[in-house]
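Below, subunit A partners subunit B and then partners subunit C, in two separate complexes.
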Partner chain A sequence: MSLTTAIRDRDVTELPGKRDEDWRWTDLRGLIRKLPPPSEPFTADIGAGPFDALASDRRVIVNGRGADPIEIARGKNAIVAARFVSRGAGVHVARLNVIVGPDARLVLLESYESDSASISQASLTITLHPGARIERIVLAQDNAEAVNVSQAEVLHAARARFAQTVVTSGARRQRLETRVQHPGGNAELRLDGVYLLADKRHADQTTIVTHAGPDGVTAQLTKGVVRDQARGVFQGRIVVEEGADRTDARMGHHALILSDRAEVDAKPELEIYADDVACAHGNTVGALDEDALFYARQRGIPEAQARALLTEAFIGQVIDRIGHEGARDAVRAWVAERLWD
Partner chain B sequence: MMLSVSNLHASVDGKEILKGLTLAVPAGEVHAIMGPNGAGKSTLSYVLTGRDGYEVTQGSATLDGEDLLALAPDERAARGVFLSFQYPLEIPGVPALTFIRTALNAQRRARGQAEITAPEFLKLARAKSADLKIDFDMLKRALNVGFSGGEKKRMEILQMAMLSPRFLILDETDSGLDIDALRIVSDGVNALRSPERAMLVITHYQRLLDYIKPDRVHVLAGGRIVASGGPELAHELEKNGYEQYEKAA
Partner chain C sequence: MAAVKQTVEHVESLEKYKHGFVTDIEQDFAPKGLNADIVRFISAKKNEPDWMLAWRLDAFERWQAMEEPSWAKVNFPRIDYQDSYYYAAPKEKVGLKSLDEVDPDILETYKKLGIPLREQEVLAGVVGAPRYAVDAVFDSVSVVTTFKKELAQVGVIFCSMSEAIREHPELVRKYLGSVVPVSDNYFACLNAAVFSDGSFVYVPPGVRCPMELSTYFRINAENSGQFERTLIIADAGAYVSYLEGCTAPMRDENQLHAAVVELVVLDDAEIKYSTVQNWYPGDPQTGKGGIYNFVTKRADCRGDRSKVSWTQVETGSAITWKYPSCVLRGEGSSGEFYSIAITNGRQQADTGTKMIHLGANTRSRIISKGISAGKSSNTYRGLVSAHPKAKGARNFTQCDSLLIGKHCAAHTVPYIEARNGQAKFEHEATTTRLSEDQLFYVMQRGLSQEEAVQLLVNGFVKDVLQELPMEFAVEAQKLVAISLEGSVG
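Coming up: the complex of A and B.
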């Protein structure tokens, strides 16, 4: 069952849905009764992307077309913007390969930009060589009527570092999934996420990390804010295989629900088959701290501003972990804009 | 009269805590409210500052003749009402400097004043933190997060000094302070004494009043002021306890 197969075969029965354990909160089968026609090539101006000013190189994939791989040779540095753009209400799939050579560094600034009720699937394969470093920032600014699934497969390497922050405002239905093969060997992994959902938007951040060797580190922090009738989904699974001793894995998911009709579904899972492992997860879902809110108001900060200040601070703890300064500022501004209106 | 409270009745969760409290504090004076646990001391401070869940059922409270009870908490703050919390809240993710500057500018906007510029603000913050022996770098950390009890109280007084309120309520400000911290905090409070300001010092123990000398002392018991007098009343309470007043209430 996958969206890719469903699109390829034009067969809605291939869509993942409620009966698939990993997709029970992101039901595509129940949502999509009929697939729209394949997206046409789009040649008109698509406008600027959110990270254009920061990148030295660009990949622009419009309606699934035009994706040269990103390859960074041994010891080189690059900042590349990868834009997955959807124009019109068709269906399409996109692929992107990313390969970062030994001791090379890449800042990957990825964006999802749809403008209507499109159905899109993006598949990325990200390969690190030993000593490579990748910081991947994903900004998903989809249309409220769009359905978008992005699935990244990360092949991690010894001594390498992969850090990512996925930031989204959701879509009609949206899944941003990352699977990491973690070899241990002092490889470091950071998987962070932010979701800010309003109206009837939906966002699903799913991560699956498999620690296959000893001495691996994983740190995860995802925070979300949902209001109106929005729905946030967090699924985080960390598997520590037999022999992956001395794994250090920490997962946190915290969400604020700002209205009675909003919903957050969270499933943190640790599966541990190794010894001498330090694993922990924390999961909280709640409202804004009313005591803190009163404290801020007592100091003279009006209620709406106090709420925005506290909410921004809540999310800011994830944004602070972004290493690339320009990307951090861009994400901070993007978040602030969505919290203050 | 700066603060005028008349026949104030207030309930929390349907239970009446304040039962006809009357109090007047003129500008330039420091009044102490002393009383046993459960007398309504903290309730009084929350009612005056407008916390949700504290329902006024009868009576009035005015500041310079303006009805305080009709105003939102932030509007009361903009008019100069400041509460130093017994248990200051932690604000994760908001550096103390950002929090205080946001508050100061919100108050100034509400009063129709121009916002303070960043250099002016930093200068003020440096001066006031030095007065209170607060390491300036601490102000770059999230407000009160991981601070000790004493540090939190000092941070309250710093905010008070920077926001420059006209009517100050100190709720059990001495709790959790050692003798050195108590002196620093008291010096900070005393520096704010002026003919234009008034203070309400809420305390269970007389100790704080050795440092912040009140003009008047009131005994709050059973939700009402049951006795008032000069500073000597505090000493008498220290000696004889609250029992006679609790019985009277």
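Coming up: the complex of A and C.
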């Protein structure tokens, strides 16, 4: 069962659904009764992307077309915007290869947009060479009727550093998945996420990190806010294989539910086959702290403003971890716009 | 590193399973295999009324249409359900009147296991010493239940399931299968068709059960499965504490234990259910033999302010696959789950709990301590969910895993589903090994390495041990020590 085979065979019965363990909270099979028509090329103007001003190089991938690989040679630096655009209610499939050479650096500013009830699938393969550094920022702003599945496979390397922050406002169904092959060898990994969901939107952030060698570090922090009838999903799995000693892995997921009918589902998993490790995860789901709200109000801050302030502070912790200053400001502004409406 | 290495060696050289003896007695068997006639045979053997037989046959029919689940993190060869005896009972003498008429071999068995079946033995010694009533289940049948008279005086019914079906059909019909429906899952459905015996407890309104109740399960016969069914009802304002213990002989082939435990808790009532599970774990080197412990345990907190507390110490079984759960339906009801799961040798355990918050202001608490050693695998799997109506639901979960040795595995798989904005869920989990620093610290204070490890492991599981009733806490502490004999506790 996978979206790929379902699209290839144009057969909705092959879509992953509730009965598939990894898709239990992101049911595509129950949602999609009929696949939209195959993708058509789109040539009209698509306007500006969210990261245009920050990037030195751009990939604009419209309806799956135009995904030239991104390659950064040894020791080079680059800031590349990769913009995935879906126009029209088709089935759009895109593949993108990213290769960062030894001791090279890349800031990858990735974004998703759609305008209708399309089904979009993006597959990325991101390869790091020893000593490489990548900071990946993903900003997903999909249409409320769209289905979007983005899956990235990250091949990490010794002494390399991969840091990512995924920020989303959800879609009809949305899955942003990252799988990391972590070789250990003092490689560092940071996987963060933010979701801000309203109305009937859904967002699923899934990460699977496999520590295959000793001395690997993984830090994860995901925070989400849901309101109305929205649904936030977090699935994080850390696997420590036999022999991956001295692995240090920490995962945190914290969510605020701001309405009576919103939902948060979480599954933070640890799968450990080595004994000399320090692994931990924490997960909390709840409402805004009434005491903090009360405190803010008695200092003269109106309730709505106090709520926004506390929520912004809650999310701010993740945004502060973004290394690239321009991207950090852009994400902060994007979040603020959605919290202060 | 030296200390840890020795720890690992000690664990490997742990004491052999001491309950592994076989009792040689005459037994009645149903023919091997499973079909509708076997179901009829079991029902007839137990002189059951027609409604019970119909219930079993219906379950059997549904079971045949079901598929064996495979989602747990455990590996085992496919079970051949036709290659097992579904009914094994010690040959009974007609008209058993007192304990003296019970087969002396069986009495000897329980004596060896340290289970007091004679009331005077329990009472011997200090006046006011803690007492507990025992229902002893040997293979498929309950052989004796103690203290029945004294319990009857306060209105508490404590008897074997087969007796309850005959004597209290109104209660059994009302509650049996109301918590775990017949086709709830594959193994529960199989159990509904072929269950042979188990314990039945009813505590009337407002009664605090004057003593601990306990069931002791013993699998003795070869190639047989044990399918017991326990039903405990605490009526409004009642309280009962129930203990369960289990052992089996050492055998090379695997035996299936598929039990169902149903707890019904009405307004303001409380049930405390404690298990010390010590089924034969199989050969630690080859992994041959041992019990498959596939059990469905569920509590239904139907009443407002009702409370259920599950405490389990899981040290035995080749494979453990169970999730004692609480359905928190009543307003303000609460559920607790305290668990110690120890795996060693080649044992596999996939265990945890489900806390299903349906009512307003329901609370739950989960404390799980997993220890894996040898080449074993230990998984915590748990669900905490809040229904949209469960306003003010609270959960706190803590899962800690301790790894001893390079070849064992520990997994944590929590599922958290919050469906309203007034639920508050907190979960934390850690996985570590025994800390070198702590070992060093304790040892430089003058403790031997063995004592040091014992102290640390005891500290690790303390939160759970202190939830056990006194009699069991002592046994459990010993079990923890034996399971990780030597340096580890």
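The definition used in the following text is that the second predicted complex is superposed on the first by the 341 of 341 C-alpha atoms of A that agree within 3 Å, B and C clash if a C-alpha of one lies under 4 Å from a C-alpha of the other, contacts with A are read in each partner's own complex, and residues count from 1 in each chain.
The rule we apply is simple: a residue touches a chain if its C-beta (ideal position, glycine included) is under 8 Å from a C-beta of that chain, and two chains touch if they have at least 3 such contacts.
Keep in mind the model is a prediction, meaning the values are calculated, not measured.
In the superposition on chain A, no contact is made by A:V331 with either subunit B or subunit C.
When the two structures are aligned on the shared chain, A:P302 is found in touch with subunit B, with no touch to subunit C.
By the document's definition of touching, neither partner reaches A:L176: not subunit B, not subunit C. In the superposition on chain A, no contact is made by A:A244 with either subunit B or subunit C. If you count the residues of subunit A touched by subunit B and by subunit C, you find the higher number for C. When both complexes are overlaid on chain A, the residue A:A230 reaches neither subunit B nor subunit C. Of the two partner chains, subunit C is the only one that A:G286 touches; subunit B does not reach it. Of the two partner chains placed by the overlay, neither subunit B nor subunit C lies in contact with A:A140.
Against subunit C, the residues of subunit A that register as touching in their complex are 21, 242, 255, 257-287. Those residues of subunit B whose C-beta lies close enough to touch subunit A in the complex are 49-52, 72-74, 76-78, 82-83, 85, 88-94, 99-100, 102-104, 106-107, 110, 142, 159, 163.
Across the complex, subunit A meets subunit B through its residues 289-292, 294-303, 305-306, 309-310, 312-314, 316-317. Put simply, subunit C touches subunit A in their complex at residues 71, 388, 391, 401, 403-433.
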